[in-house]
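Presented sequentially are two complexes of chain A, the first with chain B as partner and the second with chain C.
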Partner chain A sequence: MAEIEIRNIGKFFGPVEVLKDVSMTIADGEFVVMLGESGCGKTTTLRAIAGLESVTSGKILIDGEEVQDKKASERDIAFVFQSFSLYPHMTVYENIAFPLRAVRMNASDRQAAVKEVAEILRIEPLLNRKPSALSGGDMQRVAIGRALVRRPKALLMDEPIGALDATLREQMRAEIKRLHISRGSTSVYVTHDQIEAMSLADRIVIMNDGILQQIGAPEEVYLRPANLFVAQFVGSPVMNVTDVALEGGDGGASVMIGGDKQGFHFPGQVVGHLNGAPLSLGIRPEAVLLSHDAAHGAIEVETTNVEPLGSHDIVDVRVGETVLRSRTEAGFVSGEGQKVWVGLDPLQAHFFDRDSGQALRGAN
Partner chain B sequence: MTHSEPRAGQSAARGLNDKSIRNLFIFPTIAFLIIFNIFPLLFSLYTSFTDFRASTNAPANWVGLENYSYLLTNEFIWRNFTITAKYVLISVTGQVVVGFGLAMLLNRYMPFKGLITTLLLLPMMLSMAVVGLFWKLLYDPNFGIINHSLGLGKFEWLANPDMALWAVAITDIWMWSPFVMLLSLAGLSAVPKHLYEAAEIDRAGTFYTFFRITLPLVAPILMIAIIFRTMEAFKTFDLAYILSSQPTTELIAIRLYKMAFLEWQTGLSSAFAYIVLVMVVGITMIYVKYLNKVKER
Partner chain C sequence: MAAVRSQREVWTNRAAILAVLVALVVMLAPIYWITSTAFKPRNLATTVPPTVVFEPTIAPFVKLFVKRSQLREPVSEEVYDAAPWWEQMVLDGGEKVVRRGRTGEVRSSGYGKRFTNSLIVSIISTILAVSMGTLTAYGFSRFRVKGEDDLLFFILSTRMLPPVVVAIPMFLMYRTVGLNDTHLGLIILYTAFNLSFSVWIMKGFIDEIPREYEEAALVDGYTRIQAFFKIVLPEAMTGIAATAVFCFITAWNEYAFALIMTNRKAQTAPPFIPSQVGSGLPDWTVIAAGTFLFLLPVAIFTFLLRNHLLRGMSFGAIRK
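Entry: the complex of A and B
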């Protein structure tokens, strides 16, 4: 197992800059998930670590050794492809044994290693089958088995369960986590699915347009997004973001949304550090609090849409010109056009610089 | 749809119905097949059991299996078979090695790849007779460019009994390697690129990747190329006939031609043709069986 360090890597595909000065350090045994929309550079970063893609600038270090000019085969890293990439003309056994045969491991050691991996992944009954006779989940198990069998320095996974259906995805997610905990391998995992990222990662790396946006533990990127992109990318339903105006001083301020004259009162410790630059307010649906009675500081509004989701509802309310989405208990309101009172939880509010998109946080 | 006796003008106006299309296209085809394929096939099968000579008016006498036993025990005929086998082996092996090698070279990014591929295919498009005639000039011991560029002096190719077969095979390799190349190229480009990436990650070396990934995956289509080339090489006539008149280049097709049209032993040569047919079918079946096995993998 190993530590991976990326220093200021950049990458051009022809004239297109796909990675811009990306740096990060992945600790030994850590599970890092790279999250972003397709085309954001996450897969390119992963392939650069593996050696399947060269970098235009910057350095990649594995265990302190520079590897950016080495071939993939010299980096001792395993890779799980989204398309599984099993060798179609070989049995499952031969597929898993391939990396061992390629480096001429002797037959008995090889057999023992394949058996061990097959046991862990519960694919022993499939060893004599061809990949074409396997289900998607089993194919991915075999692909992971082939990656793990030679105990690589790190395990890189490129959307390994993206091609599976929803139920299987959930199951494989749990399996990958279990595998990581039991093996403790340094893992880098690429996905566009934030639930996968949140549930698997020790730390999440969020990328957009080839630029690294934020690195942090799942709760950190959720609770303290570094900028508007992260704020809106992580979390479902999406965080409410709206331009606001502030009125008041150190003792607290009134936050006006959507041109509504009546503001929400925010205490001084929440808004004290804001220096008067144009602001955007980000607030997650669970921090938009609805009540049937006139609570203190709440504004009377009308519901415009209700999405019942079983365990909870998503209710849209109109505040001035702006629609805020709120997460309520199931059946809280019966439909649109109802009068409710809306309040915001100041402690769960995020302020962003409207121009740069950067989060503005106080000392806390 | 049924018409009661459609008149000519009427049917032309309405276009052809299914039945008349069938009559128009299928029956002439069947007639041609019977006249030009099936009848000669059966007639030659019959003549192969007779002493029929097409050059005389004498009636054919039934001789039973005499023609076959004569041919299969005649050592000169066996020499023709041996020569042919040697020729097929040299020629097909050469074409596979050269053709597959070229395909490997072309199966990567290079400038003017399309143009290069097209140019490499040119020999295949030429007439056998033309190829034979100008290779005869290339091989010429006095002014041929082959001896000149290889610095071989006055080396005899076609007049040399030991080299003549090789010379014919080399010409065939030059002409037909592009065919193997074309099919191999199709096979190679069908191997998914990510398998090579997986092999690279799995630390497989170049040779290991070639023998364990590339070759098994290209094998089915390469097999088809080999089947075609073997059948063609087996019945090679024109190239060898034009290039050389050495006894060491007397392939079965040439022997058969001489037997049938110079010696007019029609019955005997029919039997000979049937023996060759059975052999080609036999060899092809072995290949097809192997092809199916390869495909299963």
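Entry: the complex of A and C
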């Protein structure tokens, strides 16, 4: 197991810059999940760490040793690919034993090591099969087994369960978590799936367009997004983001949503640090509070759409020219066109600089 | 699956089977003809209508391998009885076995040597073309090669000139450098012929092998060469088998260059067989025997690789 440090790496494919000055440190035994839209450079980062892709600039350190110029085979890292990672001409047993042959482990140790991971992954009955006779889930189990058998310094996984169906993914997610807890391997895991990221990660790395946006614990990126991209990328349904203007003094301020005259009252400790630059307000649907009575500071509005989702509803309300989405208990409003009162929870509000997109936070 | 097939489907199916049978008969007829003639006594080989039932003999094969000459008068009974069984077969045909003047050693017709030459040249050139082709294809497939498309087109273009056009210049060049009538000369020629084919076909197959296979091996601690031998080669086996069969057939059957470039030492079987039609009345049974033996290596080679070929012949289309 080892610590991985990435220092200011950049990567060009021809004229296209796909990684821009990416830096991060992954602690020994940590499980880091990289999350981002398709094409943002997650795979490229992972491949750079593994040595399958050279970097154009910057350094990669494993346990303090610079490895950016070393071959993949010299880095002692394991990689699980999204698909195609088992050799069709070898049995499951041979597949798992393959990395051990590279290090010339003797036959009996090899057998013991394969048996051990097969036990952990519960794939012992499959050892003599060819990969073509395995289900998708079992294939990925074997692929993870092959990655772990050598006890590499770190385990890199590129959407290892992305191709599986939903139920199986949930099950595999739990298994990967269990495996990580029992083995404690330094892991970097790439996914599109937020829930996967939230449930597996010690820390999440959010990337966009080759730029690292934020790195932090799951609740941190959710509760304290560093910028508008992260705010809107993390969480479902998506956070409401709207341009606002502030009116008022030290004791608090009215937050005016575009086209609305009345404004929401926010206390001073929430808005005191804002200095008058153009603002965007971000507020998650669960912080948009609907009520049937005229609560203090609430505005009377009309519902424009209701999405019943079983456990809860997503209700759209029009405030001025803006539509805010609210998460309510199931059946709270009966349909569109209904009059309700809307309030915002100031403690769950996020303010962003409208031009730079950076979060504006006070001392809290 | 519908349990009941429509009447129409049944008839289409029967028509297809019939068509296949007809095609099979048409294609196998020459092979039957050659095979049966190779085992016929000489007097039954050219009867009209053809003899179908006969007692098979291996006399044509005996005659194929020894040098013979016409007997002016029949040999005496003692000489006949003293001769070994195979020589009696030749004598039965009104011919005698030619022996070397002093040692009495039987002189060979030269077929065995031509056949061996064919094997040497075809096998070595096939091995060279397939291995060089596979390595080249791997390079084109896995690395960024400057001007890749142009280079591949250039490789293909070596096949665009009809062989007759290059035959004379090749002959002159070969004569100058002393490659005329040598095994090496033919091997180089056939390897060059087959290489472009081999590169193109193998590139198709290797492109189909996901890079992740090798990359997994690379991170697992193998070098690229090891990954190539342990992962790429086994995965490309169907393609290699198909390519090898095609290259072997091309080299084995090649006639024009063999005729021009070789005459004695390195001559292969294809130019030799027709030369035996030769003077006088041709003995068709002997020619059929030579042709029959000539068909065997390709048949055996194809049979040995049949499992790979079934998948490989689709050139990657239904791989997996």
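Here is the rule we use: the second predicted complex is superposed on the first by the 363 of 364 C-alpha atoms of A that agree within 3 Å, B and C clash if a C-alpha of one lies under 4 Å from a C-alpha of the other, contacts with A are read in each partner's own complex, and residues count from 1 in each chain.
Note that contacts are C-beta pairs under 8 Å (C-beta built on N, C-alpha and C of every residue); 3 or more make two chains touch, one makes a residue touch a chain.
Every value quoted in this text rests on a predicted model; they were computed, and no experiment measured them.
The superposition on chain A brings chain B into a clash with chain C. When the two complexes are overlaid on their common chain A, residue A:77 makes contact with chain B and with chain C alike.
Of the two partner chains, neither chain B nor chain C is touched by A:31.
By the document's definition of touching, both partners, chain B and chain C, reach A:52. In the superposition on chain A, contact of A:189 is made with neither chain B nor chain C. Residues 50-52, 71-73, 76-79, 81, 83, 85, 87-89, 98-99, 102-103, 146, 150 of chain A contact both chain B in one complex and chain C in the other.
The part of chain B that touches chain A in the complex is made up of residues 192, 194-195, 197-205, 208, 212-213, 216-217, 297.
Here chain A touches chain B in the complex through residues 50-52, 71-73, 76-79, 81, 83, 85, 87-89, 98-99, 101-103, 130, 146, 150, going by the rule given at the top. For chain A in complex with chain C, the residues that touch the partner chain are 50-52, 71-73, 75-79, 81, 83-85, 87-89, 98-99, 102-103, 132, 146, 150. Considering their complex, residues 210, 212-213, 215-223, 226, 231, 234-235, 320 of chain C touch chain A.
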